[in-house]
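Provided herewith is a single structure, encoded as structure tokens, for subsequent inquiry.
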Amino acid sequence: MNGLTNPMGTSVGKKLMMAVTGLGFCCFLTIHLAGNLTLYGGKDFFNSYVEHLHSLGPLVTLAELGLLFFALIHVLTGMLLFYQNYNARPARYSVNKRAGGRTLGSATMPYTGVILLLFVIFHLMNFHFVDKTNTTTFQLMSNAFASPVYIFIYTFAVIIAAIHVSHGLWSAFQTLGANHPKYTPFLRGLSIVFSVVIGIGLGFIPVYVSLLR
Amino acid sequence: MHLDSKIPSGPLAEKWDKHRFELKLVNPANKRKFNIIVVGTGLAGGSAAASLGELGYYVKNFCIQDSPRRAHSIAAQGGINAAKNYQNDGDSIRRLFYDTIKGGDFRSREANVYRLAQVSNHIIDHCVAQGIPFAREYGGLLANRSFGGAQVSRTFYARGQTGQQLLLGAYSSLMRQVAAGQVSMFPRREMLDIVVINGQARGIVVRNLVTGEIESHGADAVVLCTGGYANVFYLSTNAMASNVSANFRAYKKGAFFANPCYTQIHPTCIPVHGTSQSKLTLMSESLRNDGRVWVPKTPGDKRPPNQIPESERDYYLEEKYPSFGNLVPRDVASRNAKAQCDMGKGVGETGFAVYLDFADAIKRDGKEVIEQKYGNLFQMYEKITASNPYETPMMIYPASHYVMGGLWVDYNLMSTLDGLFVMGEANFSDHGANRLGASALMQGLADGYFVIPYTIGGYLSGTSRPEITTDHPAFTEAIRYATERTQKLLSINGKRTVDDIHRELGHILWEYCGMSRNDEGLLKARTMIRELREEFWENAVVPGSSQDFNQSLERAGRVADFLEFAELLVMDAFERKESCGGHFNEAYQTEEQEAMRDDENFCHVAAWEHKGDDTDPELHKEPLVFENVELTQRSYK
Amino acid sequence: MTKNINVTLKVWRQKGPHVKGGFETYPATDISTDMSFLEMIDCVNEQLTLDGKEPIAFDHDCREGICGMCGAVINGRCHGQEKGTTLCQLHMRHFSNGDTIVIEPWRATAFPMVKDLVVDRSAFDQIILAGGYISVNTGGAPDANSIPIAQEIAELAMDAAACIGCGACVAACPNASAMLFTSAKISQLALLPQGKPEATSRALAMVNKMDELCFGNCSNERECEAECPKEISISNIARLNREFVKAGLVSVVK
């Protein structure tokens, strides 16, 4: 029966890829947040963190390539899933009501996902693909967040990310088969806590940076 | 015509073994040359189609539902009996045999019932191997309960959903054979006729319920597993689509109809709520293990149950039958409930209900234990009635539930029409005049898994059949007949809906041919049925066309058959001048109002032969010979 | 207490799979609150029949919540708003006088329309056919008590086995995924020792079949679990996922 098809091509396989890459991004978010928290230690502390990070050289490149690879999988698979799911029910119901399973996060995954993709590109253009020879990362931030538009975009994007992970983190564990009456409630709680921490932790940074000026 | 039951000679315990040895075998390479049609996918049909497929036969399997998994066997709640004696409480094949014969009020065949008890154990083995999650003890071994009047614990169960689990087991085996290409499934097909060529059943004509197309299917043998006709009463615990049509078509083509008057009225159903009720819901009789049945002592006592003191309650079953108490067989429990209500002691809005009280059981075992045992049943009851049985006693009333009568079959399960086999509730053979709880599942699966695979081989290898195709004139004729009848139904164009007429038919039967019967009422009922039938063909309204999905047309065809069949049922009841099991004729009762059999004159199977639409059917009698049990008055005192 | 109410039905009517459908409005008058939802439709159908119109086609059979034949979306909820209830067990006492009730069929590509509220759910049979069984022939089984099964395991298997195949999980899923249905069978058989030998191939085969039939992908929305009339848990989906990982990634069998 088996052996003929690639397990990763099935619906469950695709979900597994989404889960693994998604969890990868959750780890990245955690590290990113931890790094950014150095901001609260002051400008120099932050800049020295950035320098230290960049001194890792090839390791950083490797991590970046890894993230890019994960992103490709996550985005492409996500788009395929969205397309297939739409085709599974082209005729919609005239009355839609939730039975209590759906959450804001779960219902908006594809949309928050697209917004995040656009934001990540925007974010990279702001801070990654810029000439940093004559300026520090802190300076870049400080300049960017001088504009209320930037503050708004960044805060908004972080809230979207929080909504995305509020479903994503728990969902990844479920997809990986981790569901048990003992620890599933904990995982669901963890998802919410994680999204709140990310939301507040990262969301407050633009505001904080603009206040420092 | 002589009814040859083909019961093998020799001692009772060796008959089946001997018979299996004597039956001719079909060479494995030849099995694939044989086509077998199985109509119905319940416990009997599903298990038969799967087993025959496993053996290598090519099977065509038909059902009226959208999937074979929906046959009404799925609704059986309580359990399935087997003589495993896992509980070490004195059970044995012989005891299961004896209980079943006695429970059937000595109106079934010894040899058939003994075989049933013999294969019962294999059923449990097979079902466990299929992955059926039967209830288990903490040690991991199978749990048993005592059920429906048995004094040993021999009933295996899967919560209150035993029928569902067994059916899904058979269904999964069936699907495996479909995947293997041995079985072809034809869902949403209704059998409209049997095709007989050279005196042998060689095929069927069905209506595709989605497209309306009439299709022909030929085979070497036809197996009917089309269930019972309890819906003739309109209100019953059967599924809405359960009907007599397939059996009745077979009867008209030469299969004898046996004991149609043996119908079972189940004592524990949720009472009727109003005139628009479409069906009745059974509450598993396992509830009687812990629930106590009572009514107020004073007729017309309208106080709520909790305000009626202990001293003013009549626990009539415990009083009358001290050794079996609330666990008396179904027919006895039902008749007593009716008797109490007829005395004006019934409860509830309609006065047609008795209490089934769990207060003592909850006090004794705690709510938790009761919840574990009956939780889903209590939930179901509350859902339907909006009353909580943990606090207020349940109200129950008897309802038409099962029929013991069915097409006559011999020991091989073949009807009087060569090549037509009948199994499960559709045949008459194992339950006599009354079926014990947890025996129907056992019989359906015994027939399908362990009897037909042997006996059909004997038939196929022992007879010669000409090559046929569905172009044969017999098929053309059957299609013509089916098409004409459909057109006739659609062209009545009267003013009464089919359901309305069916409801009236149900009233007639419930009133005059229900839990108790008398000659005068039966004669009256026969006249009323004839009049109603005439009205149906003049005044019914059947909307829609024959060329698409038309549920009104489906129902009309079934009700038309019920209207003819009901007369046969009443005639059979009239002819049986005794009381036995589910058939209670008021003229024949003991001083204590118990059924009084007449073994001298009625120890036989009544098998009816169709003689034409305008002629009365002819009654044939197959004498029942009891060599291994002594015929006694059933006593549950 | 019993009383009679009047409600208005907005019912999806569609003559056949390739015909355009739409909503029709019918009054349902003098409906006893003790009636089941289907009995209420019976009443409307009786009236439609007498008025010379075609009655509403809807699937139903046992009317006691076990055959899985009935089902429709009532005001946006599968089998109606009551928890753990099939449509046939939904009673009119849950509605009020004057309510408008919108009735739609299950909608999914894998469940093609037949007529009105009737859809074709044979895709479920196809999924079972792909491997939802234990390959055991009649006759060869060992004694039923030869393999003890812990009570808790048997109970878990029974929880999963309670599925009635009604299709509400697919109808409720925003993605029309059949994961709850498929996982219930895979779970039941994977939990029991009898089902273990085939657990690997079963998980792969059934998931592949499910995809092939154009069901959507599970995105853990949990609507299936919330609407399942038998309250089957999505822990079964997690078990399917585990079985799938075992089967697809770490199995010794090719």
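Chains: A, B and C, in written order; residue numbering restarts at 1 for each.
Simple rule for what comes next: a residue touches a chain if its C-beta (ideal position, glycine included) is under 8 Å from a C-beta of that chain, and two chains touch if they have at least 3 such contacts.
Please read these numbers as outputs of a predicted model, since none were measured by experiment.
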*asked:* Please identify the chain lying most centrally, where each chain is represented by the average of its Cα atoms.
replied: C
_Greatest separation from chain C - chain, by CA centre_ = A
*Once you find the CA centre of chain B and the CA centre of chain C, what distance in Å lies between them?*
27
*How far is the middle of chain A from the middle of chain C, if each middle is the mean of its Cα atoms, in Å?*
35
*Averaged-CA centre spacing for the pair chain B and chain A, given as whole angstrom*: 61
*So which stretches of chain C touch two or more other chains?*
130
*Provide the list of chain B residues touching at least two other chains, using ranges where the numbers run on.*
none
*Enumerate the contact residues on chain A facing chain C in the complex.*
1-3, 5, 7-8, 10-16, 81, 84-85, 87-102, 106-107, 109, 167, 170-171, 174-181, 184
*Using the touch definition up top, name the residues of chain C that touch chain B in the complex.*
2, 15-16, 32, 34-36, 38-39, 42-43, 46, 48-50, 52-55, 57, 59-69, 82, 84-85, 89, 91, 93, 114-115, 118, 120-122, 124-125, 128-130, 132-145, 147-151, 154-155, 157-158, 161-162, 164-165, 188-189, 192, 194-195
_chain A partner contacts - residues on chain C that touch it in the complex_ = 23, 73, 75-78, 102, 104, 107-110, 130-131, 172, 174-177, 179, 200-202, 204-205, 207-208, 210-211, 214-227, 234-235, 237-242, 244-245, 247-249, 251, 253-254
*Inside the complex, what are the residues of chain B that reach chain C?*
47, 50-51, 54, 65-70, 72, 74-75, 84, 86, 122, 124-142, 158-159, 161, 163-165, 168, 171-173, 175-176, 178-179, 185, 187, 210, 237, 239-241, 273-274, 276-279, 281-282, 349, 379-380, 383-384, 386, 449-450, 453, 495, 497, 499-500, 541, 543-544, 548-549, 551-552
